[in-house]
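Before anything else, here is the set of structures, which you'll find just below.
In what follows, subunit A forms one complex with subunit B and a second complex with subunit C.
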Partner chain A sequence: MNLDPSFIWTAGLSLLQALPETLWITFVSVAAGLVIGTAVALCRMYHIPVLSQLSAGYVAFVRGTPMLMHLLLIYFGLPVLIDGISSAMGWSFTSASIPLIGFVWIAFSITAGAYMSEVVRAGIQAVDKGQVEAAQSIGMTTIQTLRRIILPQALSVSLPNLSNSVIGMLHGSTLAYTISVVEINAQAQIVAADNWKYFEAYIAAAILFWVLTILIERISGWLEYRLNAYQRGGAL
Partner chain B sequence: MSRRFDIQYVFEFIPKLLAYLNITLLIVGSSIVLGLLIGLIVALPRLYNTPVLKRLSQLYVSFFRGTPILIQLFLVYYGLPEVLGWIHIDVSRLAVLYFVIATYALNSGAFISEMIRASVAAVNRGQIEAAHSIGMSSYQTFTRVIAPQALGISIPLFGNLVIGNLKDTSLAFTLGVMEMTGRSQTLGTATQHFIETYIALSLIYFVISFGLEKGFQWMERYVNRFDGHRSEKTLRASWRRPLRAAPLLGKGGKSG
Partner chain C sequence: MIQLSGLSKTFGTQQVLKEIDLTVDKGEVVVILGPSGSGKTTMLRCINYLERPDAGEVRIGHLAVQGKHPSRRDIHQLRQRTAMVFQQYNLFKHRTALENVMEGLTVVQRIPRSEAREISARMLEKVGLGSKLDHYPGQLSGGQQQRVGIARALALNPEVILFDEPTSALDPELVGEVLEVIRRIAREGITMIVVTHEMGFARDVANRVVFMDGGVIVEEGQPEEIFQRPREERTRQFLQRIMPEPNYSI
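Take a look at the complex of A and B:
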């Protein structure tokens, strides 16, 4: 067995076909995770009675179990739940009409939500308490304070954490192959098995992920620079 | 797709899965020990600013932090025999478990080297100057002033790494290693009670991570017991612990 460098290029080109799938999984889980995470973090920070305990349990469970478990639990558990409910209610909707990638989206959004809630919480706590008091003293409501004062500042503080979470979800998307969604990892296996060149195919996959990760880091660095413009003082 | 949900199976499966806990813990333990060794070696050129080696260690860390652990597993499994074959070492007959441990060790090594670097950098610069000014040598400064403080700083980061590593071991089944997740697959296939198996497995992982987290919190308090400021901070609500994706050590959603 010898390394065939030219096959790394060939495999890389075929992996690009699966790139959109990987990006979709990452994007949807991060976007949904941000929404869930913000809701969960706010529930916990404002000590809303039942919701804050539920949120605490959710975050603890998700962070204490592997991401693979979330995916498999959703993949095997959700159809049973949905079919049970829809047969009890007499609906015609069944779990068979959910595409495979739907399960991945749901499972990874749940994963991302718990991790994001920590990112959002850390960001909000980093905002100076005096800013909140100042906003309230000029008569802003809680919602206004959140939207105009806290969240914009929290966003710029939490960008490094956020980009780490995005990278984490990008890397986690490789797990989707366990339920036969063809993302980059699954595509690498297909190309490798077709040509019996496993090492080359995975080198290509690794390089692709490496490039994507560095790209995310660069973009986040640039965004951080832009968002912190107001703190540098003077003209941009 | 699978049979009716029956909670009874969850309790029945837990002991069956626990029988394979030792393999999971073996992977975690040995890869963390090896990872500490690798991490230290990789961190040194960057701590001492050694010209060429510094670049190499940066490249190593960037690669292992920039690619998914699952890809790394396959890369090592298929690649290591080939690469070692060039220097005429035959490892193709080695058990899969060793490849898995090697991958996790290489992966943890990258994260641990960043942890060491970050912890050493976090020690107040004035402390080092003070140590030098009372006549300590570089070696004395390191062992007496920097290392004890860096240790206290690194414990929460290290705890997160170990827990992340534990969760990552669930991927070893993809290469066919019979650890807890691998066992859960065979149990699920044999009984067709997948949901119950995964609930049982999740509970086990959860309890272990929770125990580890508490253990590391205790250790952190113990090591920092002379540092009033820091030990007080850790006493507060435990969920405030920074994500595994702390700014310096991001692995984010941590595939885990």
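Take a look at the complex of A and C:
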């Protein structure tokens, strides 16, 4: 086998043009996933009727099926739904005007939401009950208690697990190539096929993912240090 | 004035409060004594509805809150008129001492930040922590944390402060500093209901001592009465167990 080391560099440079796509997919799915996950976790923890059952079903289904299925189901199912509603209501909007990456965003947000709801739930459960009682005793409402006391502490506890989820979504974003969204993995495939140098292209892609992952770990480590400042003992 | 009437509470099959009636006047310091499991902490926690009584009424001034399912608004108002000091301090771990005290002022009472900061610093000064404003709870000793807890309650200017065994979690050598602070604010005429095992404290600070056992108030009266001439056998037995030394002076 002939390895062309210099092509790894060439391929790597060309992968950079697909980097924004990968980052966008990861960022949107993580951000939306955190919002969905928090809402779902709260619905379940506060036993809100109907919503809590729906949430439990959503988490069970999404965690019970592969991420690729979510993407394919959204990609093939959503247009049918949208076009059906659109024509029934007499709108001119059709699913064809949705960019491909839109399907990826929706599908992976759904994926991330289910996984993150468990992370958030664990974080909230780790907050000492005395903290809630103290907040209630000074007259804070449930919403104020959540926003000012529970969620900040839950977030700092959940950071290691959240950074795991971010890494999972970054790596999972490679699945977007199946519906022809050109992210890093798809770009590697294109460069590889053009030059007939598959191994080199994928080495470059692997290195790029690794670097991104290290970056995420660093950021999360720094955030953890910042957010957990209060847990460190000793004098200031 | 605080008035509890017919407060009852059952956990599972165990009835921990049996139609408790208690009235506390403005400015009064009432100490509640009793063996563990007597219902004293539960009663205290019913006053601000951290524990929901199954039946009965909690009245503070004109606000009367009844039964197991009062309106959210009533509970909220009740809590705005009371403050609590916890056995485990329960300071907000992610907030500094100053922020802990400010929290209720800015978020609940909507006092402007600068004013809240001033009040909070003054309160912390008062409990002897003027130099620890920016320390996180994790950087303070148990006694210091509990004093922040007292400052947090005090700052809200509540109609009553509820103390739930404020010194029980402390190392013995730290109990004194906390009791001293409570003693000092008691002299300022703040209404307080204190659940404690500190007999000496009960004796010099209380205007009235309430002895509970088995979910009922067995007897109540001036500290001298209760400590020196208890009417009830159960009170006598309890005091003997907790203060074995003879109860006379030469």
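In this text, the second predicted complex is superposed on the first by the 231 of 236 C-alpha atoms of A that agree within 3 Å, B and C clash if a C-alpha of one lies under 4 Å from a C-alpha of the other, contacts with A are read in each partner's own complex, and residues count from 1 in each chain.
Assume contacts are C-beta pairs under 8 Å (C-beta built on N, C-alpha and C of every residue); 3 or more make two chains touch, one makes a residue touch a chain.
Fair warning: this is a prediction, and the values are worked out from it, not measured in the lab.
Visitor: Which partner chains sit in contact with A:111 here, subunit B, subunit C, both or neither? Use first/second/both/neither.
Guide: In the superposition, A:111 touches subunit B alone.
Visitor: Is A:203 touching the first partner subunit B, the second partner subunit C, both, or neither of them?
Guide: Only subunit B; A:203 stays clear of subunit C.
Visitor: Contact-wise, after the overlay, does A:167 reach subunit B, subunit C, both or neither (first, second, both, neither)?
Guide: After superposing on A, A:167 lies in contact with subunit B but is clear of subunit C.
Visitor: First (subunit B), second (subunit C), both or neither: which does A:17 touch?
Guide: neither
Visitor: Applying the touch criterion given at the start, work out whether A:131 contacts subunit B, subunit C, both or neither, answering first, second, both or neither.
Guide: second
Visitor: So, does A:72 touch the first partner subunit B, the second partner subunit C, both, or neither?
Guide: So A:72 only meets subunit B here.
Visitor: Mind working out whether A:148 is in touch with subunit B, subunit C, both or neither, as first, second, both or neither?
Guide: second
Visitor: Once the two complexes are aligned on chain A, which partner has more residues of subunit A within touching range, subunit B or subunit C?
Guide: Answer, by number of touched residues of subunit A: B.
Visitor: Which residues, counting only subunit B, touch subunit A once they are in their complex?
Guide: Touching subunit A: residues 1-2, 5, 62-63, 65-72, 74-75, 78-79, 82, 85, 163, 167-168, 170-171, 174, 181, 194-195, 198-199, 201-202, 205-206, 209-210, 213, 239, 242-243, 245-247, 250-256 of subunit B.
Visitor: Would you mind writing out the residues of subunit A in touch with subunit C in their complex?
Guide: Residue list for subunit A touching subunit C: 128, 130-131, 133-141, 144, 148-149, 152-153, 156, 229-236.
Visitor: Can you tell me which positions in subunit C touch subunit A when the two form their complex?
Guide: 48, 50, 76, 79-80, 82-84, 86, 88, 90-95, 103-104, 107-108, 134-139, 152-153, 156
Visitor: Inside the complex, what are the residues of subunit A that reach subunit B?
Guide: Interface residues on the subunit A side: 1, 3, 44, 56, 59-61, 63-69, 72-73, 76-77, 79-80, 108, 111-112, 115, 118-119, 122, 160-161, 163-175, 178, 185, 188-189, 192, 198-199, 202-203, 205-206, 209-210, 213-214.
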